[in-house]
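The letters A, B, C, D, E and F name the chains in turn, as written, and every chain counts its residues from 1.
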Amino acid sequence: MMLIACILIYMAIVKKYEPLLLLPIAFGVLLANLPMANLMAAPPDDHSQVGGLLYYLYQGVKLGIYPSLIFLGVGAMTDFGPLIARPSSLFLGAAAQLGIYIAFVVAICLGFNPQEGAAIAIIGGADGPTAIFLSARLAPELLPAIAIAAYSYMALIPMIQPPIMRLLTTKKEREIEMVQLREVSKLERIVFPIVVTIVVCMLLPSVSPLIGMLMLGNLFRESGVVERLNDTVQHALINIVTIFLGTTVGATAVAEVFLSPATIKIIVLGLMAFVFSTIGGLLLGKLMCFLSGGKVNPLIGSAGVSAVPMAARVSQSEGQKANPANFLLMHAMGPNVAGVIGSAVAAGFLLAMFGS
Amino acid sequence: MTLMDSLMVSLIGLVVVFSVLILLSFLIKFQSVVLGYIMTDKNKLDAASAKGKDTGDFTAEGETVVTAEVPNIVDEGWSTGELRLLGVDEKTAAMIMAIVSHESQIPLSELQFKMIKAIN
Amino acid sequence: MMLIACILIYMAIVKKYEPLLLLPIAFGVLLANLPMANLMAAPPDDHSQVGGLLYYLYQGVKLGIYPSLIFLGVGAMTDFGPLIARPSSLFLGAAAQLGIYIAFVVAICLGFNPQEGAAIAIIGGADGPTAIFLSARLAPELLPAIAIAAYSYMALIPMIQPPIMRLLTTKKEREIEMVQLREVSKLERIVFPIVVTIVVCMLLPSVSPLIGMLMLGNLFRESGVVERLNDTVQHALINIVTIFLGTTVGATAVAEVFLSPATIKIIVLGLMAFVFSTIGGLLLGKLMCFLSGGKVNPLIGSAGVSAVPMAARVSQSEGQKANPANFLLMHAMGPNVAGVIGSAVAAGFLLAMFGS
Amino acid sequence: MTLMDSLMVSLIGLVVVFSVLILLSFLIKFQSVVLGYIMTDKNKLDAASAKGKDTGDFTAEGETVVTAEVPNIVDEGWSTGELRLLGVDEKTAAMIMAIVSHESQIPLSELQFKMIKAIN
Amino acid sequence: MMLIACILIYMAIVKKYEPLLLLPIAFGVLLANLPMANLMAAPPDDHSQVGGLLYYLYQGVKLGIYPSLIFLGVGAMTDFGPLIARPSSLFLGAAAQLGIYIAFVVAICLGFNPQEGAAIAIIGGADGPTAIFLSARLAPELLPAIAIAAYSYMALIPMIQPPIMRLLTTKKEREIEMVQLREVSKLERIVFPIVVTIVVCMLLPSVSPLIGMLMLGNLFRESGVVERLNDTVQHALINIVTIFLGTTVGATAVAEVFLSPATIKIIVLGLMAFVFSTIGGLLLGKLMCFLSGGKVNPLIGSAGVSAVPMAARVSQSEGQKANPANFLLMHAMGPNVAGVIGSAVAAGFLLAMFGS
Amino acid sequence: MTLMDSLMVSLIGLVVVFSVLILLSFLIKFQSVVLGYIMTDKNKLDAASAKGKDTGDFTAEGETVVTAEVPNIVDEGWSTGELRLLGVDEKTAAMIMAIVSHESQIPLSELQFKMIKAIN
């Protein structure tokens, strides 16, 4: 396990795979697997002795508090403007969850129980906090493998997506320039998080901690009247929570479970989920391209997997390779942030189906 | 769980995600139209918020202050480390730095001067 | 309830009524009233399932931790210099608690029990954290209505107070210019929080969490040797706590209680409390004006309600309307900060009387 | 609780608040007098604290970046709120701001420009 | 007790003895000893009433969370470069723990039980969080006296060490200039915290919360890829925890225990421990000087007590007094940071021996 | 616990501390030697990290200070890691650094010197 921790540290520092999460996770793996250190040990029932440091910090994961607070910060950092300007982005954000369902079916075939299958499948949502939130509830023993797979593949988006994008689209499609997005008024930006909160949380109550906090953070950002709070959730709060979340998620990796065939399967299923989510987004992108008479560049579809803002940058870069005058970044940001909502919705559905 | 069941779950799941997000997209469109009508209200809001930017009994933490310059020609200033002096001698500069430090109550060691320039 | 949440959000963003608190409170109302989201649900007794996100965050309100930590930040932001320079400001800070007691009597007449009456009355203290601290202990079911009323009326101070001020004072009184305050030495500023802590906490132990933290924050500020801590309590800490406090206070608003006549009564009683606190301060201001032979401008009396620094600004602006050369701001800051201590003392008394 | 009781409680409450705050005001006056006598101590303290402002084994959070300028003559620049443009037209300025915003990945709304000036 | 609190506040503000910790500690002493305020009161077993504010905040001390998080920040602030450049610094960091063991023997002789003796002895480690971590586990009733003694003597290092340094070294030794340290590569800096974590935590598992967090913080610093986290642990997080730690450690000071002969003994033993730790470091410094043929200035040995960076500055200043061209600061930083590891190791040993 | 026992504990404790720290010191030496061999890897790492400094999907807290200069000619200064010395010998530089550190009360380890240059 220590070797694995060192490999993860290497990936975080040298390869720069989402180091903000992977570095704490890796160190958590290291700490939890020091023999006899017992940093994850629960205290005895009579509390006559204290438990391990990471055990206490882990409660925030177990109770779902950390992922929600991370989403509070993510909401404050996210500009939903491009999504509001072109609401059809949401279709792409839905299609790019395809991998979740494909992975779920395959996971069931591979013998995982439904809870485990759902937790593994959510890797295809390409959204770290959502994946951690769901697996902490459905399959806590798989949590570290799922979190590591999710963050690693998110970092690998620039390697995973381009071949698929080139395979599924024609050069002509990739060359399409899109019309500039209209400007979005301040009022629309303010009303948006409130509408999303009400609609999504009423339809899928199980995911309301995530969506509620995401939209609260966004309201802090867009309201313009609580700069202090906006600044703190984007910095001090999200950073503190990230450290605690990462370290303790890593610390749940115990050798017996982590060094089992399940982890290999999770890695394979995770990749598959990413691939099919990308495909889902691209295919709907092609359909929208066709229906709109060539006004939509299908490359923005792959950004629907979320992995903000990496996937949108990949769309931009592929579009520019085909046509140097092509600036897809802002157009891809719409599906990109829609993908965050999409995976949260998918997680809410899975939690409603398989949660206790 | 059988394969059939899992396919069923997946299908329903996909339908749920699409339904919710399509519903959302219509609501956003609807919202944009409705809010477009209430332009007067919006303008009032914008005006109010513009005014409100600098009120509030708390001061906002950290703002990014950028001094952007258009370098028409390569500047001929004299440089000491990160501080450029243009048309000011070192003594005056030191005095200015001391004054700024004193006025702002920030120790000199924590101030970072980019440029001190005489304005003519 | 969602409509109420939207109205509160409107008040916070468009009207800018204390948005730092009202916006989180409003969103908390929204979140807690999403059907089936159960964000405030307690876990089952055997902890076999996790509780709602806001339930866990609410513990900081229930245990009185958040209001105390807010006061830590408030203390670090407050300059007690004008109060030390003119200790008679404290008389005005006492008189401007009059509304608390008037409201208490009326609340009892309206059929509230003493605990509820005390919690409602404290709105007249014009001090948010104190009101939340007290009502979380005495009448938690009324907490959201009381918090919303307190913060709303604090934001409405510029509308509530001026008519009363003009009614109760003559133009000649309002024109009075006051002699400049003496400078206060650093040593006096450092000794002040220690003296206040010892005296107030010994006389009213029940309020020591609030006064103790307020004065610790002020000591951080005035000592000059712990700038790091001073900075953190004024920013990261108070902002984080404000978010948790606001959101969870709002989340205690359940329809059955909130949409009852009690809320209307609280709103009316709160306004009445504000009005009588203002009157109390002004009347003592007039008395001090008379006794001092016209050296004290009675307008600074209304600043004794606290609502720092809004009420002091109102005194300044009314004074200047009567006499453009009149600068009352610094003179009004003394009663203003005295009012914070005054409401805390009043809360301590009520807690000692009616606390379990 | 009867009306009488509540009036009683209110009266006592008012007396308590007044007593405590009047006591405090006398203690503060007393404190000021006593501390006034210990002037020597106070001066020592002030001196010590002045020296102490920049000690501490931790470095302070955030650095303050100050663009100090020596205004030899009153500047004749054109001002839009907090932004001064010297020798640059508004259009160029807007372009520069957009570029800086894009390069630094900081939204324009969070950038604060103090001055944009052509350097000749 | 209030008088003691005021004396401590005086020491913190006027004398500037480690004010970041001593000021909160002092105020904690004040708050906890206000009669009837009950700020440290535990809630009744059925939780029908809330406990005191400081009782809740104290849980972070009791569970060992705060000292670990402080070490996270300390790690992010510490540059282990000089230690990596000259690993023999570690010998000095070991020798300068001598006082711990001398104090332990004397404490046993004075009638303390082994747990108490160990907690008192760790004062000689000259490291605040380590001392608090150990005494909270071994002898919580002595915690405030030990913490106050540790931080006070750390502040007094510039008075305690120089006479001993001049007594034990010749002027010729003090004049020795040391060869410049080699540069340390980024890779070495990154590998270092990982190696230390694995080695120390495997040999002394009981101290892994401290060493693990110290090294995680250092990895944040040296990795260069998580600047956000690095910044937050060095500022917002460590400051918040420092306030809670200091205030609640101070609040454990109850008169019956604190105003007993034990406290006097602790103060004497603490001083003795500091003196002997200094002696230990200096003597090994002299030996290394002799063995290296005069290449090592023995003055850097006293920096091995830790008390970063005060003790290293004392070495620098004494060296320069003997030889104005002598710059020992960087050379003394090696033993200085080694001393932090040294005291943690010593604490781990004592905890392994006497912990429950 | 008897005096004898306590002496025993102390002795063992001292041995433990020394053993662990001596072991560590050997491991560090060993690490340095091993890593010295893997120079190529190191260079790759340094390059990668240099490139990585400005990536990241979060914007850094605090302020982004950009000192843009037009390097007309390649500077001929002498470089030690991150510090460039121009016309100053190492000893003078060390002295300056010590003075700055002392004056500013900031430990040397936390100061970052970019360039020390003799001003003529």
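By definition in this document, contacts are C-beta pairs under 8 Å (C-beta built on N, C-alpha and C of every residue); 3 or more make two chains touch, one makes a residue touch a chain.
Since the model is a prediction, treat every value here as computed from it, not as a measurement.
S.K.: Among all other chains, pick the one whose mean CA position is farthest from the mean CA position of chain B.
M.R.: Farthest by centroid: E.
S.K.: Are the two sides of the chain A and chain E contact the same residues or different ones, given that same means over half of the numbers occur on both copies?
M.R.: Because under half of the interface numbers appear in both copies, chain E and chain A meet with different residues.
S.K.: For chain B and chain D, let me know how many angstrom lie between their CA-based centres, rounded off.
M.R.: 20
S.K.: When the C-alpha atoms of chain E and chain F are each averaged to a single point, how far apart are the two points in Å?
M.R.: Here chain E and chain F have centroids separated by 22 Å.
S.K.: Rounded to a whole Å, what is the gap between the Cα centroids of chain B and chain F?
M.R.: Result: the chain centres lie 33 Å from each other.
S.K.: With chain centres taken as the means of their Cα atoms, state the distance from chain A to chain C in Å.
M.R.: 41
S.K.: When you check chain A against every other chain, which residues touch at least two of them?
M.R.: Within chain A, the residues that touch at least two other chains are 13, 16, 20, 224-225, 228, 231-232, 235-236.
S.K.: For chain B, which residues are shared contacts with two or more other chains?
M.R.: As it turns out, chain B has residues touching two or more other chains at 45, 49, 52, 56, 58, 61-62, 64-65, 71, 75, 107, 109, 112, 114.
S.K.: Can you name the residues of chain C that touch chain A in the complex?
M.R.: Going through chain C, the ones touching chain A are 2, 6, 9, 12-13, 16, 19-20, 23-24, 27, 30-31, 34-39, 48-53, 56-57, 235-236, 239-240, 242-243, 247.
S.K.: Inside the complex, what are the residues of chain F that reach chain E?
M.R.: It comes out as residues 1, 3, 5-7, 9-14, 16-18, 20-29, 31-32, 35, 38, 41-42, 45-46, 49, 52-53, 56, 58, 60-62, 80-81, 90-91, 94-95, 98, 101, 107-110.
S.K.: In their shared complex, at which residues does chain C touch chain E?
M.R.: 62-65, 68, 72, 137, 190, 194, 197-198, 201-202, 205, 208-209, 212-213, 216, 219-220, 223-226, 228-229, 231-233, 235-237, 356
S.K.: Could you pull out which chain A residues touch chain B in their complex?
M.R.: Listed in rising order, the residues of chain A that touch chain B are 83-84, 87-91, 93-95, 97-98, 100-102, 104-105, 108-109, 113-114, 117, 185-188, 191-192, 195-196, 199-200, 203-204, 224-225, 227-228, 231-232, 338, 341-342, 345-346, 349-350, 353.
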